[in-house]
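See the structures that follow.
Paired with chain B in one complex and with chain C in the other, chain A is shared by the two complexes that follow.
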Partner chain A sequence: MQPGSSASPLLLPPSTAFSPLHSPLRSRSHCNCSSPRLRRSIAKHRREVARAVTVAFAWPQMSEHFYTVASDSETTGEDKPQQSFPDVAIGIDIGTSKCSVAVWNGNQVELLKNTRNQKGMRSYVMFKDDTLSAGVTGAAARENGHEERDILSGSAIFNMKRLIGRMDTDEVVQASKSLPFLVQTLGIGVRPFIAALVNNMWRSTTPEEVLAIFLLELKALVEMHLKHPVRNAVLTIPVSFSRFQQTRIERACAMAGLHVLRLMPEPTAVALLYAQQQQQFMHDNMGSGIEKIALIFNMGAGYCDAAVAATAGGVSQIRALSGCTVGGEDILQNIMRHALPSFDSLYAGQTMDRIKSIGLLRIATQDAIHKLANQDTVEINVDLGNGHKVSKILDHSEFEQVNQAIFEKCENIINQCLIDAKLVPEDINDVILVGGCSKIPRIRSLVLGLCKKEISYKNIDALEAAVSGAALEGAIASGVTDSSGSLDLLTIQATPMNLGIRAGGDSFAAIIPRNTTVPARRDMLFTTTHDNQSEALIAVYEGEGERAEDNHLLGYFKITGIPAAPKETVEISVCMDIDASNVLRVFAGVVKPQGPAVPPFIEVRMPTLDDGHGWCGQALAKMYGKTLDLAVLPKKLQP
Partner chain B sequence: MMIGFVGIPAASDHCHMRLRNGLIHQGSTRPNHCRPRTVIRCCSTTRGRSRDYYQVLGVTVHSTPQEIKEAYRKLQKQHHPDIAGYKGHDYTLLLNEAYKVLMRNLSSRRADGKSRGRSFGIGYTGDGYSSWNGPVRGQALFVDENKCIGCRECVHHAARTFAMDDVLGSAHVEIQFGDLEEQVQLAVESCPMDCIHWVESQELPVLEFLSRPQPKEGHGIFGGGWERPRNVFAAAKNFARRLQREEEEMEREQSSRSHGGAEGEAETEAQAEARRRAGEELRWKPLLDVWNGLRGQKKGGTDP
Partner chain C sequence: MISAPLLRVSAAPNRAAAVGAPFRLRATASPSSGSRPSNVRCAAPPPAAAAVASSAVSTAATPYDVLGLRAGATAREIKAAYRRLARERHPDVAPGAADDFVRLHDAYATLSDPDSRARYDRGAVAPAAGAAQRPRPGWGAARPRRRTWETDQCW
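The block that comes next holds the complex of A and B.
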């Protein structure tokens, strides 16, 4: 259905619901909109989408609270508005390449289809002269056959999931420079500059903005289907997403008028679906809650994750999580470079020639990789123009050799996961393979080989599992209960990365180690490093590195007014608390000596950083590293 | 019982009272983070608390991992914030902590406890339940809870040192030397039953362990329930002796096991082959010697 093309009468003027005045885009003072022009076009797009939606029904209750997400704190916590319609959170899987959306319809999870009858919608936003259109409706590319070519013309931004919340020093951003749209980097740890080609001009945008536009269309699709507005959503994210990246996703959702109820790592969403299936199976067999252990391996276009979950009685307990930033996109780029060794030197600079040639090569290579899943050899044969031609026959061994490094990384994360869960391959009952790349024969054999299994778990659709799990979690966390017991489920999450602070120079003191069950709360004692030190800097980091610098900086604050005392006598407690919706709070303060002279504790919600932070950690270390340092207090012997 | 930090008896007192009550009302007593200080102090992990973790999960010290897991899952399904909302946060934290500690205890118990089949003193950690204010001293206070009539005299005189257990109807020492020396002495003298004793500090953990009611083994509907020894001091002597004996035994066993284990592990197939050959050689050597000797004799006999 095209916007406005419905035969139903317009029941409500769009201005009441989607007026730009009420829109978060307008009321946010720093909403990352790069230009007023683009802001206008988003607002216009919003109106168009609104028209498409409002034709279908009258809003039952449309008051201001619908867009209260516009406030600065992106997740407003538990302030659920009073609603007259059943407010079940929808499940969204934003993939690097394809997105899907699902909802609990009262009996089961239902995947929604767009007007072109697709469940998996290509993730991109097309920038045209004065309009924007996302891949949900695919309005920009009417004919199916040419969609991919249009996307690669430079006017569309895609792969936003790989770019969002990343600094320009990040290797994933560097690898994205060979995409048809403009990715400009300065290499100093600030956000990259990205732009789409509109009328032979680069027009700047941000990954958050692109994602927001996409989510807006997705939301409209759901509302059209459900015939009532939706507000809450559960989104799946890769395991390796940092907390900073998670805030970017939340911001994009807020811009689209969605409140993020939960962000769940993709394999844990699959684990929840598995738990439901197991429980159903147990009910049928009148069995008791036997514990089953599943290894879930998820590899999509942008990311690769693994998880080990123990499941019994509808409770899925995440034992270990690991993930990395390799995916189908890397495989694709490797093969492109392999097919055309002069790839980088041949097309320096973002010229029109280059965009066109790379687009052609990309389509041909992608086709070849897809075909290679089912046949022994494949031929890449493409004329790139300007006398360049690629003609290559690719077989499995060559394919595997070229992507050796990627397969090794996959192997590492699976091994890591098994070690962290303290399990051996024999303990695994089921191996679940999901994601687009799980169709690659080498990936299948690799994962099954590591887990010493012959076959993978069958009852799960590789492309729909994550979004179905997210929709289940959405229903559970929204408080929906089901009489048949098919929602009598729970997922017990674990932290994917170490959380801690900088202490003793540049070392990293982990306070909450990775794979700690959530909700989690841990504390640790620190002490001063100088006599009469009156202030201390608490710099909170997240990651796997031994040194603080190797990890992601989440935020920082100072403890002031420490009573004068010789060094190593003051005790400072730093406590970290993660609640079920994965919000991290840090409490810190002096616990010894006690008395009225001691300042009150400080509670800080993390991450506090709002923008690029490549330089921030270094600057902090340089300015305050010595003077405001802390040292870990060795655990005291118990009296 | 050691929670939080030394020198802040008020805070640990607070925690302890709540743990005693099974923490059912924790969510409602502390709905949010408006009192971060107590929140923070409550989260130190100490070994002495594991006793209360059994209560949290509603399992006994004899429960199998399977039972603990089931209890954990059942409670999670009621209290996890996904289901119970934000008020379930604190209780779920406690559940997670209890589960982690108990599963860890269990695995270590299985690792070193299975082979020696220790049937008594399960749950004895070697730590006392009372905590210390200041340094550990040679003498410690102990209340014989069998004799205690629950008069609260001691609690009245030294409120930080003694605490009343309303469930058991007796007083116990909460913090050693929690009050000034005179106050403590006054409390000891005030006891109408003379059931507060000065004991050696190293005896304290055993005494305190034994004076806690232990689950009694039940047979069907008969027996079961909880008991504690009539004479704690005699029981403590007995217990200490048995403990020592078991420990010696275990040490012996472990040394022999590690010895044998190392040998067994280190032996490769080639080595095994070599050992077998050596064994054979040893067995056949006398015969071979005789045979060779005979041949030698024969040869010697024929040659000249």
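The block that comes next holds the complex of A and C.
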């Protein structure tokens, strides 16, 4: 059945028009205690949107299976449900600060605007009494000019991209404690508690829920625009997102009734857009092997990424990726603390006064940083109430000095990227600067300086590049072809981080090193560390640290029934496989000795861990670190 | 997974045909005059070699075979061949073809890095001799054991 292709859309009563939206939530009402609120929010949305679009927007005989949501273990799965609707996946860029959405309209990528004519919509969800509203429509803000102040009132949750899938020991979560809403941490490696202020009371929520509400509103906007339901989406994510964080994004999408077709590291989405442009420019040279190397540097409010892509004939190979969790938010917080040295003591503990005062400082500082991009000095002048005043003149050298550590991190990831790609600055043809922070003069000069370039690539919009690339990928992944060949593109992705297991105490043995082309399959041989060791623990980690504990724990399982043998004689193979859908599977088992006494191999899809990534790894190491340890089989013993 | 054993079965006769072709050509050419068309087909090595490389997606083939190149190919030819074949075999284009692409990429990784290519060219005989596959349970059974190229992550 293809409801969308029906020639005369049947007009349904408003109350049924959005009923499919219920089904994802109903099917996953187990997933957390807060879903009733989400359901209320949807009910409200249904009323509002139905009111707005009773004529323009109705689907004939929409059946519920349309919105069936894959279970968690299926969200990235290869068993993608058959599309019953000829729809093209939309591209979504969820920014820490702003969000945008784009679609392939048949000829080109089109960015959608909200009712306030914005392409970049503030990423937040406002909690008020029983109603929730996201920044897509900005309906919660009293008026445009006051939106920012309302966001900072404590009633809105924002920066969810910095919080999602992080533990309370994470420094990004710790830094989020100065935000106006409540971020409570216990520092033991579990998820933080976050809450919004509703009627002078903290009401709990989760980053996933906030993101889901936002995505729901975004989805409604797209559906109003396209006049048909939307199911599939390609989302961009920071390079430094762990696989666990990716599952959180997928869960939020599932809660909003969106199926994630791809999660694309942001700079690779930009690389795809670049590949398309290059293909158009050099149409005659297609397939001749003339390649162009681009370095893409993307810095937004929450994250900073770099990528090196080699492009020729519409094929974009990601040769290296690197990223870290610094962004405009850190710059903002540095400047706030610099302008008001007593910041931390003054704002310890959240009261209504302090929340309001901190909001005033934040707005003034943000404004100053934006202005400083185009002028030599800027004045921060704000009355914070209770007799506190900030009056400060800021110039570039001071700004750069205060944020020195951030600029150093940016340099590090670019250098890392070049080293990993085995390139020198002279090899780079184009430097592409994207993201809100790419407007900061120091960032521009830093990146161009490292790449030994005078100017950056001009044909890409810094704020629209990632979402445009995501929409292109959405069209390509949905099987859309274009007669002009502008969708005749391919991205060959690479893994952003090492994947491996714990071995030899707390060491980390990387089985799939970072920047390995995906799909990929690698194996490594391990051996026992004790005589007659019958069991071994396989703890799977992802990250850049040399010690296992410095990385993200993705999951763990045991190999049991290892035949009795002296230590270092048994061979245990651990194989990691990333398939075409970017799903990670770990296979492990005994390969020597052979025989009927050897237990079958174990296949585990990762990540398996849901929470408690911090203490879980420590507990495993403490309980089983010595007895169930494995060691990498020395090379000389390997066949 | 189901297709892998089939591929291996079909790869073997193809390889035999490729190797045996000149021999059979000489043997059959003189007695029968009616074999001219087949002579022509067998006597043209480049298309035959290309057919082996692309159709059988050879399991035990050399990296050169996988890329459909001769041993002396230039770096530019290697890149061009890799891109061309990636557009056919990448799972985004040919769903389910992850193994083909992994093999293609491994071949490219070996040949695109001058050091690893030199190492491969020097020891080209050794891996072929050692290619006798160890039986592997589960996932390994359907696939041959691959060398773990150390420079794999580099392009």
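Following the convention adopted for this analysis, the second predicted complex is superposed on the first by the 569 of 639 C-alpha atoms of A that agree within 3 Å, B and C clash if a C-alpha of one lies under 4 Å from a C-alpha of the other, contacts with A are read in each partner's own complex, and residues count from 1 in each chain.
The criterion applied here is as follows: contacts are C-beta pairs under 8 Å (C-beta built on N, C-alpha and C of every residue); 3 or more make two chains touch, one makes a residue touch a chain.
In this text, all values refer to a predicted model and were calculated from it rather than measured experimentally.
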Superposition on chain A - do chain B and chain C clash or fit: clash
Partner chain in contact with A:485 - chain B first, chain C second, else both or neither: neither
Which of chain B and chain C A:517 touches, first, second, both or neither: both
Contacts of A:421 with chain B and chain C, given as first, second, both or neither: second
Chain B versus chain C as contact partner of A:571, first or second or both or neither: first
First, second, both or neither for A:587, with chain B first and chain C second: both
Contacts of A:319 with chain B and chain C, given as first, second, both or neither: second
Chain B versus chain C as contact partner of A:106, first or second or both or neither: neither
Stretch of chain B penetrating chain C in the combined three-chain arrangement, among 145-153, 163-171 or 253-261: 163-171
Contacts on chain A seen with chain B and repeated with chain C across the two complexes: 289, 291, 312-315, 317, 476-477, 490-492, 517, 519-523, 573, 575, 577, 579-580, 587, 589, 591, 594, 601, 603, 639
Residues of chain A defined as touching chain C within the complex: 287-289, 291, 310, 312-315, 317, 319, 420-422, 476-477, 490-492, 494, 513-517, 519-524, 573, 575, 577, 579-580, 587, 589, 591, 594, 598, 600-601, 603, 639
Partner chain B, residues of chain A touching it in the complex: 78, 289, 291, 312-315, 317, 473, 476-477, 479, 488, 490-492, 517, 519-523, 571, 573, 575, 577, 579-581, 585, 587, 589, 591-592, 594, 601, 603, 636, 638-639
List of chain B residues in touch with chain A within their complex: 2, 5-8, 33, 36-37, 39-41, 43-44, 46-48, 69-70, 73-74, 76-77, 80-83, 85-86, 88-89, 92-93, 96, 99-100, 127, 131-132, 135-136
In the complex with chain A, residue positions of chain C that touch it: 76-77, 79-80, 83-84, 86-87, 90-93, 95-98, 101-102, 105, 109, 130, 134-140, 146, 148, 152-155
